[in-house]
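Some structures are shown below for you to check.
Below are two complexes that have chain A in common, paired first with chain B and then with chain C.
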Partner chain A sequence: MTQEMQFKTIAAQYCGVKPEDMTNDMRFREDLGFSSLDFMSFLGELEDTFDVELEEEEVAQILTVAEALTLLERLQEE
Partner chain B sequence: MKEYYPLTAAQRMHHNWIRKYQTQQVSGVSVVASLRAPLDFGLLKKCIQLETERYGCMRVRFTKPDEKGEVRQYIADRDTRDIPLKDLSGMSMEQADALMQQWAYETFDGDDIPLCDVTMLRLPDGYNGFFIHMDHRLIDSCGLVVMINDLMQLYTHYRLGSAYPQDLADFETVLEKDLKRANNEKRFAKDKKFWDDQLNALGEPLYADIQGPSVLEAARARHKNPMLRAADIELKNLFVEVKDYQLEPEPTKNLIAFCMNHQLSMTNLLLLGIRTYLSKVNNGQEDITIENFISRRSTHDEWTSGGSRTIMFPCRTVISPETDFLSAAYEIQNVQNRIYMHSNYDPALIEEEMRRRYHTPENTTYESCYLTYQPMPVQVDNPHLAGIAQHAKWFANGAATKKMYLTVSHTPDGGMNFSYHYQTAQLTEHDMELLYYYMMRILFKGIAEPDMSIGEIMEQV
Partner chain C sequence: MLIRDILEESAKNYAEISAVKWLKKKEIQEMNYRELLENAASVRKGLLADGFAEKHLALIGSSSAEWIESYLGIITGGMVAVPLDANLPGGDLVDLINRSDAAGLFLSRKQAGLLEQILAECPKLKKVWMMEDAAAFRRQEDYDGQTVSGGNASAAEVLSLADLKAIGAGSMADADRPEPERIATIIFTSGTTGRSKGVMLTQKNLAENVKAVQYTAEPGSVLLSVLPIHHAFCLVMDWLKGFSLGATVCINDSLLHIVKNMGVFQPQVMLMVPLMVETIYKKLAGADPSIPKQMVANAVFGGRLHIIFTGGAHLDPYYIEKFNEYGVAVLEGYGMSECSPVISSNNPDDNKTGSVGRPLPNVEIAFDNGEILVRGSSVMKGYYQMPQETADALKDGWLHTGDKGYLDEDGFLFINGRVKNLIILSNGENVSPEEIESKLALGALVGEVAVTGENNGLTARIYPDPEAVLAKGLDETAVEKELQGFLDEYNKTQPTYRRITGLVVRKNPFLKSATRKIRRQEVLVDEPCS
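Up next, the complex of A and B:
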């Protein structure tokens, strides 16, 4: 499974959208229906799964799946 | 082979209250769900028994405490008890509610015993349904709503041929995942750092009472410590009264619209209303802490596994009177969002850390107000039962561990219900009237003029 699909599989647990139907331009709140609690819990799960540390300032800027994936890739490269 | 598990942080929270207040009553949760329609009680009994099989949390039991006082939980294979049917149809609904309120005061006493009782009911005015009485270590209110709806879906499946309800997540699997996450050392270190950093930045919290600074002053005198920042907890007289206030649909719409337009959650707006009131009645105190309950239900499995997931964390903010209403709301939202990310932490450890740092006296607290925002109404949500009148109601367990516990929920007509549970040892209905009145004045002044400063709002309301 690619990292992107692994990411979407986790995200799908928090919403009614299947991983294969999740597009990168989807917004967490408006399109996937994440509440604040859902989003922050999801980020915590990303941290544990991909062994990265998310900074609060960066997290606040994330609106879409693509933005979260880009941040994840960057943190893994660092 | 039966597996034995430690308690989760959320379960331990209730367990510790039982130990501290020396009665299981503080952990009772009760609800009635009924429809104004005839029910096939033979079938309903089968559905309740089937629900007990499907919803593993209903079968959770606790072992006898070991020599260290620790208990472990396990899931009984089955529950073979009969489901009784009681006929209250000869009473008025008020009398029936009063009787059920008495049932809600009953305690589950003993080890290795079932902690879930379901009673089928014939109620007045043609209502029929069931009353559920459980221990909060097994389930929270969201879990109960899911269970009631699943049970009624089973009933309509067998009675009316509707679709069989979707599978519920396995309670034990979700419990194992929760415990594994709590034992993740990296996660634990991150969560601990977050909570410790808050104390490093802000220092010891400062108590703010609904009744003003005299309560903290009295605690200072009692402990002979003029610098004391925590106040005493009532341990003996736990009797609680409940006062409900309904906010009409139209003003409710305005609150919801404000939240939507400014991407704020209702919880954070309510926290702002309470903290501004506390600040107002405590000489403009800027450092305020309110305990806020978090459902910890985000994934599909977390929503459908049952269990007691709700946990409370202190929402501490230091807001100056010059801050405008909207910025104050965002400040609370930022704090809450960070708390959400660290909500796997055991709040007992936060308290432990504060006692270690500040030598806080035993049985004192930094918080007088507790909030639960409950977006899910307790009602049967089933298209096959649409249009049928319902009588559904939560019953307080009658023993409050908290001085004032506010539950805010939405009502079927589009309004909101503010349910204030308050310890009668110190508080009166008049205190609740004042709190509700000023909370509403603050919130509606703030949403009408979001640029107005908190100080001005406190002066004008």
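Up next, the complex of A and C:
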């Protein structure tokens, strides 16, 4: 499974959208129906799965799937 | 009985039991009851020696051992603690510091970026104490121990909490025990007029609420505190109630880590808002159905959790039933900051699903056209420097809650509606639509706006200003795009719960009353005015 698909499989736990139907321009709140806490909990799972550390302040500005994927890739490179 | 008595009693009975546990660089740190009492006493004596007797002192920061020992130092010495929401924009915090007449401020290092603005715009502040990692702060900043000059309205000194405690530890003089009717704390809550109100709670209010909540636990029982500490529900029920029982209160360091920290601290009891119950349920329901529920529960809850108290907003009884299947009792309660905060609560031995429990023994309940009225020893003294709002809320000693409800034949309270125009989100935050509308109305394209609570978030319903649209030559798609861009910019400046997550662009102006006010009960109607 690619990293992106792994990411979307975790996200799918919190919403009714299947991983394969999730497009990168989708917004977590408006399009996927995440609550603010769903989003935080999801990010906590990303930390464990991909071994990165996220800051609450940094993630607060993320709106779309693409933005979260970009941040994840940047943190993995650092 | 005062909070000071409760704390001293616990320090005597449970001296070596951990009062607080927290994580620092993934390692568990702890402070026992004896140390907690000593630290609170040092803060109290330090404030007294520094000339802060009877003053108001604000606190800005998330849950920490330093936050709670500072809070206890303030209220056990008869001073007034003003906990503020660390996630508010700087301008809002400045307003609340000034409106609460705070003479001193305890500031978390995480919020050190606000220091310059606070010093420049809060003329009544005399001192600021940085709470955590004072040593690191010293190395990085040169504010420490100096009066900061240049654009500094307050000429406040910036010191560390460690400095204050050192003064207190070396001082013999101690504050007298406060009078029960003295104000202990001012807690800000959303007002229907768009201006937050400072709820004044007395020493007696707090202690009576702690005593009246019918819950007992063995000393050393573990609580995991996941709610914001400036909220009355968390402050009084996690912390003060927890300390009265000799419990160990563990700090959840981030909303990202609630489930992980349940594994780390293995709590037996937690306080939550419905939003958390809903999110955690998704984790339970998402598990492989072939795995036994008890194993799933152990993995998600840490293995020992058996009670969740919820409050702050309505919880769908569906979750109570579902959590029961995983061995966890979800007990709903009802309260508001004005009542210190608990009014009624289900408890492990006496509960009814769908109700918010029986009223506490220290409160009386009455109804006025269905609105719940509350009277008793944990009802606030009033709103700070807001006599009109106080008179509107407190009539003949009865607090008008703004909620509608009824008592059933067994004495359980049920909530079934609201009188006031506040949006209650499932994270327990109360949002005043007018407050947000006044900010959104500043948008160049915004003609009229109403904010509503929908799908667990806030939706802005906007009627674009026809002249602005015409002047810019925008079509429908461009209008929506520009309005969404405006909302995105607004959201960046707001705490999560005050962000707008839905946009509806209206074709028609809102229906209005004779006084030209938007008719809120009809904001969903989008038809031409007749």
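The rule we apply is simple: the second predicted complex is superposed on the first by the 78 of 78 C-alpha atoms of A that agree within 3 Å, B and C clash if a C-alpha of one lies under 4 Å from a C-alpha of the other, contacts with A are read in each partner's own complex, and residues count from 1 in each chain.
Keep this in mind: a residue touches a chain if its C-beta (ideal position, glycine included) is under 8 Å from a C-beta of that chain, and two chains touch if they have at least 3 such contacts.
Because the structure is predicted, anything quoted here is derived from the model rather than measured.
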Partner chain in contact with A:Gly44 - chain B first, chain C second, else both or neither: both
First (chain B), second (chain C), both or neither touched by A:Met22: neither
Touched partner set for A:Glu56, first chain B, second chain C, both or neither: both
First (chain B), second (chain C), both or neither touched by A:Tyr14: both
Which of chain B and chain C A:Val65 touches, first, second, both or neither: neither
Chain B versus chain C as contact partner of A:Gly33, first or second or both or neither: second
Chain A positions touched by chain B in one structure and by chain C in the second: 13-14, 29, 35-38, 40-41, 43-44, 47-48, 56
Partner chain C, residues of chain A touching it in the complex: 13-14, 29-30, 33, 35-38, 40-41, 43-44, 47-48, 54, 56, 59-61, 63
Chain A-touching residues of chain C, taken from the complex the two chains share: 254-260, 275-276, 278-280, 282-283, 286, 426-427, 455-457, 488, 492, 496-497, 499, 501-502
Residues on chain A engaged by chain B in the complex (per definition of touch): 13-14, 29, 35-44, 47-48, 51, 53, 56
Chain A partner contacts - residues on chain B that touch it in the complex: 181, 184, 186-187, 190, 263, 265, 294-296, 298-301, 333, 336-338, 340-344
